[in-house]
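The structures considered in this document are given below.
Consider the two complexes below, in which subunit A is the common component and subunit B and subunit C are the respective partners.
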Partner chain A sequence: MGKYVAQRIALMLFTLLIITLICFVLVRMLPPAELPLNDPHTAVIEARREAQGYNKPYLVQFGIFLRNIFTKFDWGLSDKLYFGQNVADIFLQKLPATVFTNLYSIILSIPIGIGLGIWAALKKNTWVDYFISTVTMVVISVPSFVFAFIIQYVLSYKLGWFPFLMKAGTDWLSWDMFVSMLPAVMSLSFGVIAGFTRTTRAELTEVLTSEFMLLARTKGLTKAQATIRHALKNCAVVIVPAIFGEFIGIMSGSLVIEKIFAIPGVGNLYLNAINARDYNIFMLDSCFYTAVGLAAGIVVDISYGFIDPRIRMGSKK
Partner chain B sequence: MEYEHIPAEKFTFTQMDASLHDTKLETKSRSYLADAFLRFRKNKSSVVAAIIIAFLLVFAIVSPIISPYTINQKDKFYQSYAPFVRQIADMKLGIFDGATTRPSQNEKSMLYWRGIAEETGMDPLINILETTSTTVVYRGKEREEYTYTIETNQYYEKGVIYLVLSYDEFERIQAWQDETGIQVIYPYVDPADIHGITDHPNIWYKVDSSGAAQPDKDGNLVPVYSTRTQNTGAEYHSLRIAGDDGSYVYSTAKSGAVQCRVCYYNYYQYLYGHEPMYLMGTNSMGQDLFMAIGVGARFSIVFAICVSAINLFLGAIYGAVEGYYGGAIDMTMERISDILSGIPFVVATTLFQLHLAQKVGVVPSFLFAYVVTGWIGMASLTRKQFYRFKGQEFILAARTLGASDGRLMFKHIFPNSIGTIITSVALVIPGVISSETQLTYLGIINLSDFAGTSIGTLMSQGQVAMTSAPHAIFFPSLFVSLLLISFNLFGNGLRDAFNPTTRGEDD
Partner chain C sequence: MSKKLTKVIALALALVMVFALAACGGNTTTPTQTETPKTDAPANSDTPKTDTTAESETPAAPVTYTYQDSVSTMATNWNPHTYQTADDSYPADFLRVGLYSFIYNDELHPLEGKDPYTGYVIVPEMAADMPVDVTEQVKAEHPEFGIPESATAGYAYTIDLNPLATWEDGTPINADTYVYSMKKLLDPALLNYRAADYYAQGLSIAGAENYANQGKLEYGAIGVTTTEYLANGGAVEDLYVDAYDFWNADASYLDEAGNALPQYVSVLDETVYGANVDDAFSGKQLYDEYLGAGAPYEAYSSDELYTVTGQYATGLDYDSTVGLYKSGEYQITIVFAKSLAGFNLLYNLGSNWIVKEDLYEANLSESEGVWSSTYNTSVETTSSYGPYKMTVYQADKFMKFEKNENWYGWTDGKHVYVDPEDGETYQMYQTDIIECEVVPEAETNKLMFLKGELMGYGLQAEDFATYRNSDYVYFTPDETIFFLILNGYKDAIEGREKADDFDTATRDLQMLLNLNFRKAIAVTYDKELFASTVSPARSGGYAIIGNAYVYDPETGAMYRDTDQAKQALCDFYSVDLAAFNGDLDAAVASITGYDPETAKTLFGEAFTEGLEAGYITDADADGKCDQSIVIEYSLSADSDFMTKTIDYLNEKMNEVTAGTPFEGKVSFAKSAPYGNDWSNKLKAGLADTALAGWSGSRMDPFSLTDLYVNPSYQYDAGWFDATKVDLTLSVEGEEVTMNLRQWSDALNGATVTAPNGKDYCFGDGIADVETRLTILAALEGKVLGTYDYIPMLQNASAALLSKQVFYVVEDWNPIMGRGGITYMKYNYDDAAWAEYVASQGGTLTY
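What follows is the complex of A and B.
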């Protein structure tokens, strides 16, 4: 097991390195941003560029890039968007907004999603099940920003329950901030709820018809006891890794939702960096998204092995 | 024991001359596809989805053709206006009347709307939704003041605008007026007569310095049309409005051109040859949404089909090679696709845009971005199918008979996995449409130069005026939601139909 995990992580780091290299070379091939004359930062940025090895072969540049990251966590200076500021600092400032919205969203949606899924599975082939399944299908198909528009129009504009956009400021834990985040949180939640409902329902209906459930009932357990002790435990094999995946995924957030509700998060930073052609920010954000995606995948895979004793990871058989 | 020692002559041949054949099957045989189709037809929701898809496709093809507008027609004034068709608006059904709700209108603004109605003959006021009265004390006297919430027709409430025309153009409009009998040019009002107000072309009556109408004692508006002939811009010899004794002046000279008051609704008819007719209203660019959605949808659908076709082709070949040969080849190829699949899609799109968009155009570089990571799903699907089938006996038999690798792969194994692959194509299409809409909404990709517009662009334009013109975001969202829901339902139906294990479950 330990060997398998180590193998997977090594492979992931290798993949990350290659993707970073590809992105890095492609970005450095573009002409660097032109710097304004008469700006005190210009000299600094030019000096930094010299130190980062612009005009040297790409592989040398990449070496310098990696060395700076590993020794000083230095991702370069912003040369367009936040002129002269350290990219890593800007990025860390933007991270809380994204993490908090997504965290609230999954805290809200996972219990609801699993609950609905269990309900639908227990009432299989009744109108409850049909209703939940149909709504789930619709929610999964419709892109999240359509929900965002509906929520923004109905709840924020017509009913006036929430502010139109997210409140500015950094008081992440205040009540006002929480309320102003809610429209975004709800828009994000729809998809997650539907995903969990579908997975739970599919898994539970399968488990409920298996023979050990019949045995559990035969030996005298009530339906509730049998479901909770035996069926849900088996469902967890699929659901828990998905929850882990979601938790890793909260970092990356959603570009569209962040744009609609003006959340000053990583996604918005990324969009702005693309529009302004701020390559250092773009590079950091790209690496971040890649790393989050890879990490989520690996966590899901490995957690299967920890949760389900029947799965032996990496064994030959 | 009479069955023993039977003499030989008692035996007869049952069949000596007739040749022995298998009897032909009495019933018609059903092919795999026909069978799948039969099962698909039993699935009600998928059939409905297929009908909706067909309807949306027809809409996308037909709407830009039957709409009187093209994507390049951007009206300067009719922007973010609600749906309007005059013939239906005249029936007063409350639909297609270009209505917008205007809260807190006082007496002054009500007179303003009345002024437009009296001059142009088109009443912008549809109905009064709410009246609130307040008692105010004005110069020592108590007085009732009313505030209204009203619905107005946005197309009519534009009323009259100032327009600077060349002499030729002025002449042409007059000729058109004579021909059709529609009044476009209205008599000029000199700012000097209306307290120097120059930014309200709709004022043609006596006003006080704040721009509030001052009716006479019967409550009628008093016209103050200009009769100062010394300022006349160009000769006017066409239709005159009612109540004009020939003394009204219809234009004023303005540095080599003519300034006049033009009823925009009628001027629009002069420009385009028809009345404004917007089945789904206009967006914030002044484009007809009915046509623009069709234009955007055409691109989305064609693009999605191209992407899935290319990905299917590449993925099938890649997956076939991986799955068939296995071993070291499989390992290496899997690592390559692992690396590619690790690239977030939005990063790939951006990089392609930055590098290729200048050289090969936005759409091809967008297509590359989809292709570079998109085929991986298809490849792993095909690979799995190949692993499933390649060890089976019929493959061994074919190999024994000397079939080559290529023949084994594409003649014997591939047809067995075709059902799974078709299904996944049906589910890839909505995925492509959805992400394409998101990227154009975000503005990472701008397709306007190539395709005219796209659903995502329409949504981001609609979002600008979301509170005042919700229709501009409603219709594109509705279209894309319907399209995606029905494609997904359709895909699910296909999956069930092609899955032989569900066969007979519902019979």
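What follows is the complex of A and C.
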């Protein structure tokens, strides 16, 4: 098991390196931000680009980039969005907003999604099941930013229950901050809830018709006992890995949601860096999202082994 | 075993969440908040206050006025030496003040010939008094600054500094501050973005350019054609081509080894750049095929070929190089490389370059030879010397400013004004707190505004039907005129028609070369209707110089209000002045630029001329053109605005061509999105039209002429040579004939030799303003007469203002706007406003 994990981590690092190289070269191949002709300031920008090595061959630049990260954990300075500021500092300042928004979304989505899935499965082929399944399909089909605008209009403007935007400040655990995050959290959660509902319903429906469930009932267990003790446990093989997968999905979905609700997070930072062609911020953000995605993949794979004893990781037999 | 594993997983998940929460929640305070000062009114207790609901009802309660603002992009770097964008300059209005500032004329500051609030007065701010011209003295004592021998004024000034000025912590600001700051600003190692502001534009400090550019090569255009250059003994090996300008390339063009393209490339250099962007060329190729002797574009060689004219000296010492030095504890002397006086001197000194030395030094860092600064990027790295100071800053989210109690303006008795309505004297800056939040979406901005959470909302196209006539909507003109550029590049059009996929039996482009056809297009469109259809905040455009340009900064007089400008429009649109009894205003007001009947006639004439020229055919002799003329719109990127524009152009074209030989034959079509290459496509005649415009210095409409006669800027440089079009004007009783380029150059300060052998210069301060206006209007008329530019839109914006506040004067002024935060007045304080909004059900109507 340990060897398997080590192998996966080594492979993850190698993959991360390759993706980083590709991102680095591709983004540097984009034309740099245009400079106005006949503007005297242009010469200064050109000189700074030259001094920062932007005119050197790509592989040389990549070598310098890696050297600075490994020797000084220096991801460079922003030369556009946050002129002259350390991009790692900027990134770390913005990370909590993204992490909390996504965590709250996951925490909200898991119980509701699984609960609705269980209810729909238990009420299979009744109006409850049809209603939940229909709403689930509708919600899954609608992008999260549409919910964002609806929530902003109805809950913030019409009803006045929530602020329009996330509160300023870094008091992440305060009640006010939590409330101000709710519109964004809800926007992110609708799709996730629907996803969990659909997955849980499908798995549970199948498990509930299994022979071992019939055996459990014939042993004298109530339906609730059988469902909780046997059916749900079997469903976990699919649902738990889906939680990790959804986390990654939400992280990417939150790029747009962060912008709409003015959440000063790394997702918004990523979009801005791409638009402004701020290379160093783009690279750090890209590496972050890539690393999170790869790490989640490993966690999902390893989690199978814990959840389902029949699965043996790294076994040659 | 299974149960144990489940517990382990549950525990692990819980731990992950707890650690994540703990790691992120370390700082539970408001971000970067400093000690928050009290928000009481400023020290001047005699200052009257506005009559507000809260004050009259609850006099004992503290009254606070908070200005709730929003931006789509928040400032990230407001360092006066390095900021780059308008977004970054946002905090400057609150944190910094210039040596001189503009205020409205009122009873305390009368302006001769102007009623209160119809003009502005320039007053010392960080300066203690007006500058004193010491040109003669400095010329004698400091020959190193190179003041011309013939100069007697306008080159050097002493400026007494305001001794009351301090940083927000009370640290005095004196002459050393100014000199230190300039030294850092121009430091060649720091490569500060704003350094060029002090030598390359209106304000040019002596020696600043040499000091800031130490060691760099200097290039100079050869100024003559290649043939003349070679005939004069010039060597080919000394020539460099400006690839950035001529080829519109940039550093993204790489050679085989991945090295970036330099701006100047030797004409003997065979290195190929740009293969990576599918636009490869070499310096040698540009010379041989375009700019060399006898090559097709040799005419441009005078501006595009360069030689190394020198190298900036190295090892320069600031004190003996740069003309800004301390001449007293609270006095600086500033020496200019180019003379500067009057309004322009004070206007240019309206911004400030000073930095707080200890903070600045603490925030400078160097990495691999590149210096960077984090000065003015957070509360901790910011120190104000203006009316407000920054107290909260969260990047990309929020910033807050509160009154800077150490600002001299609260107590010096000078920052007061007499209200034009009630005649009482008020302290400027009634606002106590300014809060600015990032609101990325316009729709969110609107909803927040209607909830009373923001002070303003910039109207979107869809809002005009609702708010156009609101009492709270304000229209603000802008400099830019957007015109339709019409392709007239004969060679390019003929080249396109020769392409294999171009069937001349069914398609035609050559009609674009016909003047009557172009005139017909010009009068096909109702400019006001176009504006209201595609962009309601804007209005119809009729000229190439917009209606926000001031020709006389001393008085704020606008170019478009002059008789010369009005006459130019009347001439171009063939308005019979006699029909208006010589009333120019009435004549101009009658201009719509829209004349469908004339358009039909012109299309008919164009048809006949087109047949004669062989551009088009009428094989069946039905009096209709056999070919379709599809005018390609050079698209940068597609958008809803573009779709509306094309739809409108086509709809009206179909209406006007109905019953003419071109019925259903002329249309506009979007090109593929060309990105930043859209203008190159137009200039090369590879696309046929686009809505584009220029904006220039609001105080200098005269400089705009260069944009239409200088090939470096012209959209129509490929088919309109301004040096081949003559203009004769009566100047000071003398008939003078020169080409358009010469007139433009002379108007902008160059001494030009006319064909009559005489030298002329009509620059600012040299020729009288009436003469300059006459030249400007004549040039504008000539450019309009090419029909290369068809004016369509006058740029403007419209915004709603919250009921919580009002402007002390509603008329917009090009310098003062509507007074900004300095003169902003409140109908309600914060508490009263909250009550008012609640009383309206939480949602306001405008």
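Going forward, the second predicted complex is superposed on the first by the 271 of 317 C-alpha atoms of A that agree within 3 Å, B and C clash if a C-alpha of one lies under 4 Å from a C-alpha of the other, contacts with A are read in each partner's own complex, and residues count from 1 in each chain.
Please note the rule applied: contacts are C-beta pairs under 8 Å (C-beta built on N, C-alpha and C of every residue); 3 or more make two chains touch, one makes a residue touch a chain.
Every value quoted in this text rests on a predicted model; they were computed, and no experiment measured them.
**Student:** Touch check for A:V146: first (subunit B), second (subunit C), both, or neither?
**Tutor:** first
**Student:** If you stack the two complexes on chain A, which partner ends up touching A:Y157: first (subunit B), second (subunit C), both, or neither?
**Tutor:** Once the two structures are laid over each other on A, A:Y157 reaches both partners.
**Student:** Would you mind checking which one, subunit B or subunit C, touches more residues on subunit A?
**Tutor:** Between subunit B and subunit C, the winner on subunit A residue contacts is C.
**Student:** So in the superposed three-chain picture, is A:P96 touching just subunit B, just subunit C, both, or none of them (first/second/both/neither)?
**Tutor:** In the superposed model, A:P96 contacts subunit C only, not subunit B.
**Student:** Touch test for A:K259: subunit B only (first), subunit C only (second), both, or neither?
**Tutor:** In the superposed model, A:K259 contacts both subunit B and subunit C.
**Student:** In the overlaid three-chain picture, which partner chain does A:M29 touch, first (subunit B) or second (subunit C), both, or neither?
**Tutor:** In the superposition, A:M29 contacts both subunit B and subunit C.
**Student:** In the superposed arrangement, which partner chain does A:T290 touch: subunit B (first), subunit C (second), both, or neither?
**Tutor:** A:T290: touches subunit B, not subunit C.
**Student:** Looking at the overlay, what does A:Y58 touch: subunit B (first), subunit C (second), both, or neither?
**Tutor:** second
**Student:** Is A:N268 in contact with subunit B, with subunit C, with both, or with neither (first, second, both, neither)?
**Tutor:** The second partner, subunit C, only.
**Student:** Looking at A:G2, would you say it contacts subunit B, subunit C, both, or neither? Reply first, second, both or neither.
**Tutor:** The answer is neither, since A:G2 touches no partner chain.
**Student:** Once the two structures are superposed, pull the subunit A residues common to the subunit B and subunit C interfaces.
**Tutor:** 29-30, 149, 152-153, 157, 259-260
**Student:** So in the complex, which bits of subunit B are touching subunit A?
**Tutor:** Checking each residue of subunit B against subunit A gives 338-339, 342-344, 346-347, 350-351, 354-355, 430, 434, 437-438, 441-444, 459, 463, 466-467, 470, 473, 477, 480-481, 484-485, 487-489, 492.
**Student:** Along subunit A, where are the residues that touch subunit B in the complex?
**Tutor:** 11, 15-16, 18-19, 22-23, 26-27, 29-30, 137-138, 140-143, 145-146, 149, 152-153, 157, 252, 255-256, 259-260, 270-271, 274-275, 277, 282, 286, 289-290, 293-294
**Student:** In the complex of these two chains, what residues of subunit A are touching subunit C?
**Tutor:** Result: residues 29-32, 34-35, 37-38, 40-41, 43-49, 51-60, 74, 77, 81-85, 90, 93-96, 99-100, 103, 107, 149, 152-153, 156-157, 160, 164-166, 168-174, 233, 240, 259-260, 262, 264, 268-269, 272, 303, 306-307, 309 of subunit A touch subunit C.
**Student:** Show which residues of subunit C lie in contact with subunit A when the two form their complex.
**Tutor:** Touch list, subunit C to subunit A: 1-2, 5, 8-9, 17, 20-21, 24-25, 27-31, 76-77, 79, 82-84, 191-196, 199-201, 213, 244-245, 250-252, 257-260, 263, 276-277, 367-370, 372-374, 377, 392, 394-398, 437-441, 443-444, 447-448, 450-451, 453, 676, 712-713, 842-843.
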